[in-house]
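Right after this note come the structures.
Below are two complexes that have subunit A in common, paired first with subunit B and then with subunit C.
On to the complex of A and B.
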């Protein structure tokens, strides 16, 4: 690891030196091209943060760019403000626009978001082409040269250094965000917004943040552009340029900011080479976008790891033996803390959930005292998972109330329930596929609010320190669950049983008071089921109340102190395992006429 | 009052065009859950092809349309075939893939027909009819009639033929469809081909109404998409209602806000989407955990 760090530091130094001395070898036209490229690179980083990292389709980046440029132009020419004051106001205006454009993202995603943002971008071009204040189709010229004491920024050679410094800062900040808590959470949301919410990520604020970042980068790009060209007109912010920008990000690799920059530089240079044949250039990059999407979805940035993998495969994989799952180390027993008695931690009161004609839950009531392990069983389609979805805030019940830890939490969004101490796993596993196992745990460990991300600006060191602390705690969790060997792997590469364990570790990492497990034993073999039982008991002994849905009757009978039986959306029995197993209604619902003991009923 | 009705009449024929574009979007969406962002560019290609066959090759208008529809259907097939590896896997990537195709088609149009536009004369006598004091262009009636016929044919195809029913099955559950022996890829290809054909129909019909230029499809595509969403994405009656509504909205916006009409249309559209993302006829889908 160490020599590689030194190597990349050396490379970075060479690159910086190269960029610093670049203007000495460039003609006045070439330096102009370089300056425009830097503007596009800033825009691409912003788009990459929003789309690649945050998963928010954003086809309005060019409008953010336009707002930044036009605001600078209008403020300097019409209002007569100084360049830098105008620039600051312009960036603030763009950020406000970004938040406005982000509001549809709270309601719609993917294609819908794409078309809405595209529509808003068109609305912007429509406005500037018509508005008096924006100079109509002619645009605004005579934007004053930005002033800087001792530096003549009308020289494009000197302007290059200004742009280079701002770009370096912008890229560094972007990378900082991606590699720390905020970026991790954004990536988690991109992979699976539902699971991210269930782990306490405030999805609406995160989506706003993604657009806010994109718009601030767009605004900075716009200010730099206004200062460079000193003339703005509608066609610079057209949809064609939006698609060019999109192509840069896709070809470069949307999930890697460095890839986005590489895409911006590469594509602009190619376009510059083909400046006399713009349609050929357009056809070329359009085709490349299609090819990249089909054959190399991670873009240029994804190529080096692929090549490395291919080489490793050729050399033979025998060198590293398959990672081994270690034993779970039980938590220190804290069960002296009195768990018995007291108010119920969770109480469900008359919950009904109707899906059109189907009544999935019909007046379900149950209450779980603190410290209990409660089993919920029932035939397939009896409403168990629906009940979990209502309790954890994914569904809004048609009628009834849910009380948790003394408060009415009916229909609260999942992330607020997670913050209040509720945590859950999913029947079909919802691990974040593009994050490593360690990062999956880290997302759960991070209990901060996304709103507190303003500290990225004023206290970056505190962020770094907190991240280091989170990593240390993640390693502890991984160690306890015997997952250390898998820490750096993507979850999909793990055996199914191990993935289940990762999901439980992740749910417990949220430090819940109530843990909801949805079929934790599905797909596990006998030995794994036994270990799961020990694990759940140990988790309970730290003071966590556990409710689990399970079909594996052996596990339920062994583990649960009380069992609630659902059938057809209704509670048909509740009591100790022995009592429930002897209830005629249960036997009928579960077994029909047969009287065999349901010990082998899995899934 | 007179002006009010005249505005509506003015909006209806363009609305029918939007409805055709929306139908193409919806058909592809309901079959494979994908929004084809190249759809607008296919409209442009269709408009240029139809006008070329009509003006340069001197074919009758109807024949020119049929040929244009055939050619664009092939384009639809190509798009589907290239993006097939992504089907049912990553929709965001497919979306970007169709944008890529849109960029290519856009360049292709400029390469073949140049950046300037052309006017297409109306194939029927230009004198407007007068009805209850309203002036109605004869060509508007042609557009409405053809759009209605196309819609009826599409509905009949989907509900009465084996292939159409198979496509409905794929729309509901592609895995179950595979299990009963339906070739999902082929079904998607047909959806794409018909979608492209509808785009060409819209493009061909709009030629005499608007100026045919490379940017034509971009506007039509986005408004057609807005229409599809407004009506409820994937719903055929929704596409029709949405198309007509956007047409009329557009017509009113043009009357009241002149140059800013596009701005107003998109803002209204954004607000509607935020209030009711599923549109008028759309179904609320349940997210299963």
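On to the complex of A and C.
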């Protein structure tokens, strides 16, 4: 690691020095282009944060750009304010616009969100074309030169340095966000908003934050633009420019901010080089976008890792098998909770869930006392997972109440339930595919609120310290679950059983009081099932109440203290494993479905 | 870390040096006195406005090739290079720097007022005269002595129209339908202003969007006021659709508007019988309005295989004025060339050009009327 760090530091230093001395070698035309490129790079970083990192389709970036530029123009020319005061108000106005544009994202996602934001961007250009205050189609000219003591910013060479410094700060802040808790949470939301919510990520706030970041970058880009060009017109913020920005982000690689910058610089230079050959430019520009989308979906930024992988594969595949799953180390036993004592931690009262004509759950009631391991069994389609989804807040019940830890939590959003101490796994594994195993755990360990992200601005060091602390705790979790060897790998590269274990480790990392496991043994072999049983028991012994849905009757009979049997959306039996297995209704329900139960019980 | 110390010292030194001398000692590449005379044509060659750009290019190129065929100016050929501004003001500012650093004497274009306004400060500093096809009053407001228009400003269109309609024809019962795009909005404001000067208030003032296809609501509102004339401020195709739907709704009042309403595209979209009687205010009514326009149209057709129209004619006039000024001034550059353009009196396709200090050289449009599917000069 060490020599690599020094190498990249050295590279960074050379790059910074190169950029610092760049103007000495440039003509007035080239420096102007460089200045425009920096503006676009700032915009691309903002778009990358929102779309690439946060997964929020944002076709209104050009409108944020416009709001920043127009607000600066209006405030300096009409209101006669100073440039920097106008700039500050302009960025604030853009941030407000960003929050406004973000509201549809709370309801719609993906291409629908694209259409909505595109509509808002169109509305913006339309408004400035028609508004008296924005100068109509003629725009606003004669924006004053920004003043800085001792520096003549009317020289584009000196303006370059202003832009360069602001850009470096903006990029550094963006990278800081991406590499710490907030960015991790945004990436988790991008990969799987549902799972992120179940792990306590406040998805609505997070989506707003993504747009807020995009808009602030847009506003900064707009201010720089107004100071550079000193003229704004509706055409500068056209949809064509929105798609140019989009292409920059896609070509550069939307998941990497550095990629976005590379895309902005690269595409703008290509455009500028081809400006004398308009026909070629159109064709070249279009084909580059298509080629990238088809052959390099991760963009330019995705190429180096792919090349590295290819080289590693050619060198020999011996190293890949090196990662071995280690044993789970049981938690120290903390349980002093008597089995039957205490109030019920979870109580479900008369839950009914209707999907149009289908009644998936019909007046289901059950209560789980603290410290119990409860099994929920039943034939396929009996409503087990639906029950979990209602309890964990993914579904809103048609009727009935859910009480958890003494509070009515019916229909609370998943992230609030997670914060209240409920954690779950999913039947079909919902690990964050683009995050490493360690990052998956880190997302769960982070119990902070997204609203507290304002600390990024005023106390970045505290963020760094907290992140270091989270990493240390993540390493402890990985070590306990025997996953240390896989820490830096993407979950998809792991064997299925290991992925299951990662998901359980992740769910427990939330520090829950109630753990819901949806078929944790599915796809595991006999030995793995035995280890799973030990793991669940050890987790319970730290004081966690466990409810699990399971088809593996051996595991259920062994592990669970009480079992609830569902069939056709109704509770048909509840009791100790032995008592339930002897209930005629249960045998009947199972015989109707499969021969599993009797044979497993007798074995 | 210790090993890196010289490197850091070097860096600090470099920073200090950088602080002392600011970059940007740009040697100004003044136009050489031999070789071809370099003129830049900046226009949208791609994007939404590329058709405008294509017409402009054809008009200007025609003028340049005529001069080159006659031996150029002072024995030097004229080199017209095309730059694509994509209709984007930001790209325009890039190109302004580019033509400056590549030593172009003068610039023709752009057709887009906003792009031209964005470029104007740079061209003014670089002292590069520019004849634009834009017609926004904002171009005049820039106040650059290096910026010239190759036609009247848009207010002239509407002022001439209002003068004809209200003062000469005595029509005061006027409805308006305009779109909210930049062209429609400009027309709306200019015509309302021209009417207000004559104490006329439009009986209806309907605004539609640029991509609207159904105008029955707006047109029904207009029909209720039974106006004598409907002012139309929209681009060719939309204007055509509006007129067609108006006739379907039983509105018989004639329409009036600017240059788009005189084009074949408008006529074909609306249908020839529907546009009968449409009043058009345009500096270039048609290709066979005068012997000069006929000659131009024939040459245009011979060169490009298509019919000439207003934008090509404007660019042709602009290029002719630029080349005449270059000849008269013995290929002057910068301020001298700008003065030469200002002094140039030129009888063009659009009329007689004589520039004033605002950079406008022509102050009237002609009024035409569509009769039997053809645009002819109106008899007042």
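One rule holds for everything that comes next: the second predicted complex is superposed on the first by the 578 of 603 C-alpha atoms of A that agree within 3 Å, B and C clash if a C-alpha of one lies under 4 Å from a C-alpha of the other, contacts with A are read in each partner's own complex, and residues count from 1 in each chain.
Going forward, a residue touches a chain if its C-beta (ideal position, glycine included) is under 8 Å from a C-beta of that chain, and two chains touch if they have at least 3 such contacts.
As the structure is a computational prediction, the values presented were derived from the model and not from experiment.
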item	value
Room on subunit A for both subunit B and subunit C (clash or fit)	clash
First (subunit B), second (subunit C), both or neither touched by A:84	neither
First, second, both or neither for A:23, with subunit B first and subunit C second	second
Subunit B versus subunit C as contact partner of A:130, first or second or both or neither	both
Touching partner for A:331 - first (subunit B), second (subunit C), both, neither	neither
Touching partner for A:230 - first (subunit B), second (subunit C), both, neither	second
Which of subunit B and subunit C A:275 touches, first, second, both or neither	second
Subunit B versus subunit C as contact partner of A:57, first or second or both or neither	first
Subunit B versus subunit C as contact partner of A:290, first or second or both or neither	first
Doubly contacted residues of subunit A, that is, touched by subunit B and again by subunit C	126, 129-130, 240, 279, 282
Subunit A partner contacts - residues on subunit C that touch it in the complex	7, 11, 14-15, 18, 22-24, 26, 45-48, 81-84, 86-91, 93-95, 97-98, 100-102, 112-115, 117-118, 120-121, 136-138, 141-142, 180-183, 185-186, 189, 209
Residues of subunit A that touch subunit B when the two form their complex	55, 57, 103-104, 106-108, 110-112, 114-116, 118-120, 122-123, 126-127, 129-130, 194, 239-240, 243, 246-247, 250, 279-280, 282-283, 285-290, 293-294, 297, 355, 385, 388-389, 394, 426-427, 430, 518
Subunit A-facing residues of subunit B, complex	34-35, 37, 82-83, 85-86, 90-97, 99-108, 110-111, 218, 222, 225-226, 229, 259-260, 262-263, 266-267, 269-270, 273-274, 277, 286-287, 289
Subunit C contact footprint on subunit A (complex, rising order)	13, 17, 20-21, 23-24, 26-33, 36, 126, 129-130, 135-139, 141, 155-158, 225, 229-231, 233-236, 238, 240-241, 272, 275-276, 278-279, 281-282
